[in-house]
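Next come two complexes, and both contain chain A; in the first it sits with chain B, in the second with chain C.
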Partner chain A sequence: MPATALTPVIIGLPIGMAAVLAALGARLPRRVLDATATATAATVTVLAVLLLVATSQGRVVAWAGGWTPHQGVSVGIALVADPFGAGLAVVAAVLSTAVLVFSWRYFQAVEVFFHALVLVFLAAMCGFVLTGDLFDMFVWFELMSAIAYALTGYQIEQAQPLQGAVNFGITNSIGAFATLLGITLLYGRTGALTFAALGATLTGAHPDAVIVVSMALILTGFLVKAAVVPFHFWTADAEAVAPSPVCALFSGIMVELGIYAVARIYWTVYAPVLPVSALRGPLLGFGVLTAVLGAVMCLAQRHIKRLLAFSTISHVGLFLIGVALLSPAGLAGTAVYVLGQAGVKAALFLLAGVIALRLGSVSERDLHGRGRDMPLTAALTIIGGLALAGLPPFATALGKAITEDAAASAGLGWLVAVFIAASSLTGAAVLRMAARVFFGLGAPATAHPIQRSDDRSDDRSDDRSDDRSDDRSDDRSDVVGDDGEQDSGEAEEPSPARAPRTMLIPPVVLLAAALALGMLPGLPATMGVVAAGFTDQPFYAAQVLALPLPGHAALPAPVDWFTTSSLVYGLLSVALAVLIAAAAVLRTRLPGWAVAVADAGRPALRGLRALHSGHIGDYVAWLLVGVVSLGAALGVALR
Partner chain B sequence: MSPQSLLGLLPYLVAGWLFLIGLYGIVTSRNLIHTVVSLSVVQSSTYVLLLTVGFRAGATAPVFSDIAPGAIVVDPLVQALALTDVVVGATVSALLLALAVQSHKRSGTLDPDQLRTLSG
Partner chain C sequence: MTRRVRVVVFAVAAVGMAVLLVWAFAGARPFGTSIHPYGDLAVRAALEQRATANTVASVTFDQRGLDTMGEEFILFAAVLGTSILLRREPDELARTVGEEGTEDRAGSGPTPEMVRLFGYVVLPFVVVVGIYVVAHGHLSPGGGFQGGIVLATGLHLLYIAGDYPALRRLRPQRVFEVSEAAAAASYVLLGLAGLAVTGAFLANVLPYGTLGQLASAGTVPLLNTAVGVEVGSGTVLLLAEFLEQTLVLRERSGRPDTGGSR
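Showing the complex of A and B:
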C-alpha cells in the first residue's frame, strides 16, 4: 500500500468497522464484539506506525478526490501526515486498543454502542491530527467532541454522568463555535482554508485586527478542549463521572490534541504574520496559570478520578508553556512529555477503574486502608505517581527536562520552578492517595480534630474545604448509590476476589512504554529534527502545495538526553513529591508551625473550590472572560 | 462613514449580537432545555457570519444549471460550510436534549441551580 493511501484508511477503517458493529453488534456474542473492535484498533495502530515510518522521508500528502494542486493552487482538501501528526495517531490508536482490552472485563453489560463510539472517537482523533485543512480540522473536532459527550454520559441510568456530559457538551460547543467564527473571518480575509495556502497568503501581511481576532477565536475552541484555565471547568466534571477507560482516552490523548492544534495552527498559518514575541507572553500566562491552579486543585481532591483530572489540567499547562516558547526545542520537549504523560495518565485512570471495580468506590476517604490486598495495583499506582512527578528515566521526566532546558535557553529560567512545582504537587497527590488507600497510612480523614473545629466555625461553603466535598456526596447517596461513586454501577461483579488479568495488563504495558521511551537516548535528537521541520512554514507550504522546496530546511534543534542538571531537577521533583505526600498523610503529627502554614492557605483554596461550582452558567461566564483576555493579551502584545 | 458601509457592517454586528445574547441566555438559564436552545442561538451567529463573508452585491445563487456562464455568483464554499455547520449543530443539539431529558428523569429537575452535584 502506498503511503498516501495509508492516511485515508487510518481514518476510514475504524469508522467503517464502527458502522458494521453498530449494525450487526446486537446479534453478535460479546466475545466476538470485543475481539473485532480490539482487532480494528490494533490494525489502526499498525497502519499508523507504518505511516509514521513513511513520514521520515518527508510529509505524506493525500488530496481527497484527487484534487491535487496546480501551480501551488488547489481547491481540494488535503490530508497531510508529518511525524508529529502520525505519532499522535499512533498514541491515539495504542490507547484505544488498551482501553478496549481493559473494557473486556470492566463493563458488566456493555452495549455495542460503546465499541462503536470508541472506534469513531479514534477515527476522529486520527482525522484531527492528519488533516491539512482548517475547516476539516473543525469538523473532526466536532465529531470528536460529540462522541466524547456521548461517552461521558454513557451510564445514563445515573444522574451525575448526565450532568458531566451536559457541562462538557455546552462549554465545548461554545468553544467550537468561537473557532468556527474565527475560521470564517480568516477565510473572508484570505479566501483559503488549507493550512499551507493560508500561511502562504498571510506571508508578509500586516497583522491587523481581523487577523488577531480570528486567531483569538480559533484558539478559544482548542484551549477549551485542552482544558486550559479558565476554559477548563468541564474537565474535572466530565472525568469524575465518565467511565474510567473513557477518562484514560480523554486525559491520555484528547485534551493534548487541543495543545497540538494550537502549535499546528500557529506554525503553519500565523507564523508568517504574527511574530513570536506577540504570542509568547499571552500563551505563557495561560500556561503558568493552568499549571499552578491545576496542581493546587489536584492536591485538594479526595475523589481519585477528579484528582487525576486536575493533574491532567496541570500538565496541560506545562505543555502549553512548552509550546508557548515557540521554539523547536520547546516543541520537542513537549512532544516527549505528551508521549510520557499519555502512558502514565492513561495507566493511572485504568488503575482507578480497577480500584472502582474491586472496592466499589473511588473516594480516597472511603477507601482508607481498604486496598491492602491489592499489591500489584498498589505498586503500579505508586510507579505512576512517581513517573508523574518526573522520576528519571520515565519519558515524563525526559520531556520535562528538555522543556526546562528550552525555557532556560530562552532566558526564562524561572519557568523551571513552575515545572518542578506542578509535577511534584500532582505526583504528591497520587502518592498520598496510594498511601491512604493501599497502606491505610495516616488517620482516617473523618476523625481529624483540627479540621473539625475549623469547619464548625464557618458557614456551609466550608463544606468545600479540603476533603469535606466527599461528605456532601453522602447526603445524596440515595440518588447515586454509593457515596457519589460513579463507577460502582458499571463494574462486572461487585468485588471479585482479584482484578482480572486483562485489566492489569494494559496499565503495565502503558507504564512500561512510558519508561522505555525515556530510556531511548536517540529520542531527543530525533524529536529535535522533527520539531524543526514542524516549525518550518515555508517548507511545509512548499511540500503540501507541490511547489519547489526552499533551498535550506530549518536546522534541527539541539536537544540533549538527560544531563546532570536535568537528573538533579527530576530527582528534586520526586523528592518534593514524596515529602509533600508524607506531610499530607501525617498531618496530625506535623509540628504546629507547619499546620499553621497549611491552614493559612485554606481560605484561598476554599475560594478556588467555590469557583468550580458545577454550574454551567458560571463556566460559560468564565469562558467569555477567557476569550476576552486572550484577545486583549494578543492585542496588547502586538502594540 | 457612508450609509453603505454601515449597512455592510450590519451583518457582522448581528453575528456578534447573536453570539453574545446566546451566551447571556446560557449564563442566566434556569432550564436545561432553554440552555440548549440558547446554544443554538450562539450557533446561528456562525451561519450569519459564514453567509456574510461569501456575499457579493448584485450576485445570484451559485446554481449553475439555470444561469448564464460568467454570471456573478455568491461564494458557494461558505454555503457548503454552513450546511456542514447545520448538520453538526443538529447532532449536538439532539444529543444535549437527550441528555437533558434523561437528566430530568433521574434528578426530577431541569434547573442548573439544583443540578449541582459536581463541584469542588
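Showing the complex of A and C:
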C-alpha cells in the first residue's frame, strides 16, 4: 500500500468497522465482537506504525478526493502525516487496543455500542492528528467529543455519570463554539482552511485584532479538551464517573491531543504572524497555573480516579509549558513526556479499574488495607507512581529532563522547580494511595461512614463530597447519599478472587513501553530533528501545497539523553514524592511544626476545593474568564 | 461559589468577551464584498470540473467530502450514545403498547380528528418530498442531510396523528439500526473505492455527466443517498429512543406521571 493510502485507511478502517459492528452487533456473540474490535484496533496500530516509518522520508501528503493543489491552491482537504502526527496515531491505536483487551472481562453487560464507540473514537483521534486542515480538525474534535460524552455517561444506573457527562458536554460544547467562531473569523480574513495555506496567507501580515482574537477563540476549544486551568473543570467530574478503561483513553491520549492542537496550529498557521515573544508569556502563565493547581488538587483527592484526573491536569500543565517554550527542544521534550505519560497514566487508570472490580470501590478510605492480597496490582501501581514522579529511565523522566533543559537554556531555569514540584506531588499522591490501599499503612479512616462499606458501587464521585464534608456537609453529598445502595453493575463478577489476566497484561505492557522508550538513547536526538521539522513553517507550507521547497531551517543543537544533572533532578523528584507520600501516610506521627505547616495550607485548599463545585454555572463562568484572559494577554503581549 | 459571586464573575468575563469580539469584528472584512478567494474557486470547481449544479453539494460531498464523513459519524455516534444513555434499566418496566397512555401523545389528551386526518393524509406526500430532496441534492438546494430529516419527521406525523402503535409498526428499530449503520459504512466504502481506483480517498470516480441532469456530478448523488439514509434512520432511532422512554418505559416502583425522568 502506498504511504498516501495509509492515512485515509487509518481513519476509514476503524470508522467503517464500527458501522459494520453496529449493524451486525446484536447477532454476534460477545467473543466475536471482542475479537473483531480488538483486531481492528491492532490493525490500525500496525498501519500507523507503517505510516510513522514512511514519515521518516518526509511528510506524507494525501489530498482527500484527489484535489491536489495547482500552483499552491486547492479547494480540498489535505491529510498530512509527519512523525508527531503519525506517532500520536500510534499511541491512540495502542491505547485503544489495550483498552479493548482490558474490557473483555471488565464489562458485564457490554453491548455492541461500547466497541463501536471506541473504534469511532480511535478514528476521530487519528483524523485529528493526521489532518492538515483547520476545519477538518474541528470535525474530528466534535466527533471525539460526541463519543466521549456517551462513554462518560455509560453507567446509567447511577446519577453521577450523567452529571459528569452533562458537565463535560456543556463545557466542551462552549469550547467548540468558541473554536468555530475563531475559525470563522480567520476564514473570513484568509479564505483558506488548510493549515499550510493559512500560514502562507498570513505570512507578513500585521497581527491585528482578527488574528489575535481568532487565535484566542480557536485555542479555547482545544484548551478545554486539554484540561488547562481554568478550562479544566469538566475533567475530574467526567473521569471520576466514566468507566476506568474510558478514562485511560481520556487521560492517556485525548487530553494530550488538545496540547498537540495548540502546537500544530501555532506552528503552521500563526507562527509567521505572531512572534514567539507574544505567545510565550500567556501560554507559560496558563501552563504553570495548570501544573501547580493540578498537583495540589491531586494530592488532596481520596477518590482514586479523581486523583488520577488531577494528576493528568498537572502533567498537561507541564506539557503546555514545554510547548510554550516555542523551541524545537521544548517540543521534543514534551513529545517524549507525552509518550511516557500516555503509557503510565493509562496503566494507572486500568489498575484503578482492577481495584474497582476486585474491591468494589475506588475510594482510598474505603479501601484502607483491603488490597493486601493483590501483590501484582500493588507493584504495578507503585511502579506507575514512581514513573509519574519521574523515575529515570522511564520516558516520563526523559521527557521531563529534556523539557527542563530546554527551559533552562531559554533562560527560564525557575521552571525546573515547577516540573519537580508537579511531578513529585502527583507521584506522591499515587504512592500514598498505594501505601494505604495495598499495605494498610497509616491510620484507617475513622471519620468515614462505614455503613456503606458493603456496597460495591465503584467509580463514584461520592468520595469527593466525603472529603469536603469533613467539616461541613453540603446538599450535594445528600444527593449522592440517596444513591448509596445502588449497584454499579459495571464489573463482570462481583469480586473475583483474582483479577483476570487480560486485565493485568495491558497495564504491564503499557508500563514496559514507557520504560523501554526512556531507555532509547537515540530517541531525544530523533525527536529533536522531528521537532525542528515540525516548527519549520515555510518548509511545511511548501511541502503540503506542492510548491518549490525552500531550504530547511537550521537544525538546532542536538537534544541529549539523560545528563548527570537531569538524572539528579529526576531522582530528586522521586525522593520528594516518596517523602511527601510518607508524610501524608504517617500524618499522625509527624512533629508538631510539620503539622502546623500542613494545617496552614488548609484554608487555601478548602478554597480550591470549593471552586471545583460541580456546578456547571461556575465552570462556564471560569471558562469565559479563561478565554478573555488569553485574548487580553495575547493582545497586551503584542503591544 | 455563591450565586452572586458566580454572576459577577460571569458578567465581568462576558463584558471582556464582548470587547474582544467587537474589537475583532470591527477589523474583519466588510460583509458582502465580492472578493472571496475560496468561494470563487469552489464555484468554478463545482460547475466547470464536476458538473455539479448545486455548488454547496459539491463542497459538501466532493471538495470537502472527508468533513462530511466525519459529520455523518457525529450523528452516528450521537445515536449510539443516546441508545446507551436511554437503554432500558433493570428497574424499568416496558409496558405493552396499546395499554392506557402508550398509544397517545404523552399526556396531551385525545388527538383532535382534524389533526389525526392531517397526519395520515400528509404523510405520503412528505415522504415523497423527502426522497426528492435527497435525490436532487446535487442539482437543487437540499441533499442527504435535509432530505433525511424530512423523511424521518414525515414518519412521525403518525405520532402527531396520535397513532403511536402504527408508528412503531412502521419503524422496526432493528431494521433502522441496520440501515443506519449500513448507510454510514457505505460512505466509507465509497471513499475506499475512490482510493482503490485513483489512489485518493473519496475521489469522485464516476462519470460526471452533463451539468443539470439527474445523472450528473459523479459520486455526489450516491454519497447524498448514503447520508440521506443515515440521517433519516438515525433521526428515527433518536426519536424512537426518546418516545420509548417517555411512553413505554416506567420505573418499576411505578411513578406513572414522571415516566421518562430519572
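Quick notes on this one:
As a convention for this text, the second predicted complex is superposed on the first by the 592 of 639 C-alpha atoms of A that agree within 3 Å, B and C clash if a C-alpha of one lies under 4 Å from a C-alpha of the other, contacts with A are read in each partner's own complex, and residues count from 1 in each chain.
Basically, contacts are C-beta pairs under 8 Å (C-beta built on N, C-alpha and C of every residue); 3 or more make two chains touch, one makes a residue touch a chain.
Owing to the predicted nature of the structure, the values given are computational and were not obtained by experimental measurement.
Judged by the touch definition given at the top, the superposed model places A:G285 against neither chain B nor chain C.
When both complexes are overlaid on chain A, the residue A:L162 reaches chain B and chain C alike. In the superposed pair of complexes, A:G440 makes contact with neither chain B nor chain C.
With both structures placed on the common chain, the touch criterion links A:A192 to chain C but leaves chain B unconnected. Of the two partner chains, chain B is the only one touched by A:V241; chain C is not.
Touch criterion not met for A:P207: it reaches neither chain B nor chain C.
Of the two partner chains, neither chain B nor chain C is touched by A:P500. In the superposition on chain A, A:V139 makes contact with both chain B and chain C. Of the two partner chains placed by superposition, only chain B is touched by A:I170; chain C is not.
Note on chain A: of its two partners chain C and chain B, the one contacting more of its residues is C. Shared contact residues on chain A (touching chain B in one structure, chain C in the other): 135, 139, 142, 146, 149-150, 153, 156-157, 159, 162, 165, 185, 187-188, 193, 613, 615, 617-618, 620-621, 624. The part of chain A that touches chain C in the complex is made up of residues 2, 4-5, 7-9, 12, 15-16, 18-20, 22-23, 26, 62-67, 73, 75-77, 79, 111, 113-114, 116-117, 120, 123-124, 127, 135-136, 139-140, 142-143, 146-147, 149-150, 153-154, 156-157, 159, 162, 165, 185, 187-193, 208-210, 212-214, 216, 489, 610-611, 613, 615, 617-618, 620-622, 624-625, 627-628, 631-632, 635. Chain A meets chain B in the complex at residues 135, 139, 142, 145-146, 149-150, 153, 156-160, 162-167, 169-170, 173-174, 176-178, 180-181, 184-185, 187-188, 193, 236-237, 240-241, 300-301, 306, 464, 469, 476, 479-480, 484, 609, 612-618, 620-621, 624. The touching residues of chain B, counted against chain A in their complex, run 15, 19, 23, 26-29, 32, 35-36, 39, 42-43, 45-46, 49-50, 52-53, 77-78, 81, 84-85, 88, 91-92, 95-96, 99-100, 102-103, 106-107, 112-113, 115-120.
Residues 1, 6, 9-10, 12-14, 16-17, 20-21, 23-29, 36-39, 41-42, 45, 59, 62-67, 69-71, 73-74, 76-78, 80-87, 89-90, 174, 177-178, 180-182, 184-185, 188-189, 191-192, 194-195, 198-204, 262 of chain C are the ones that touch chain A when the two sit in their complex.
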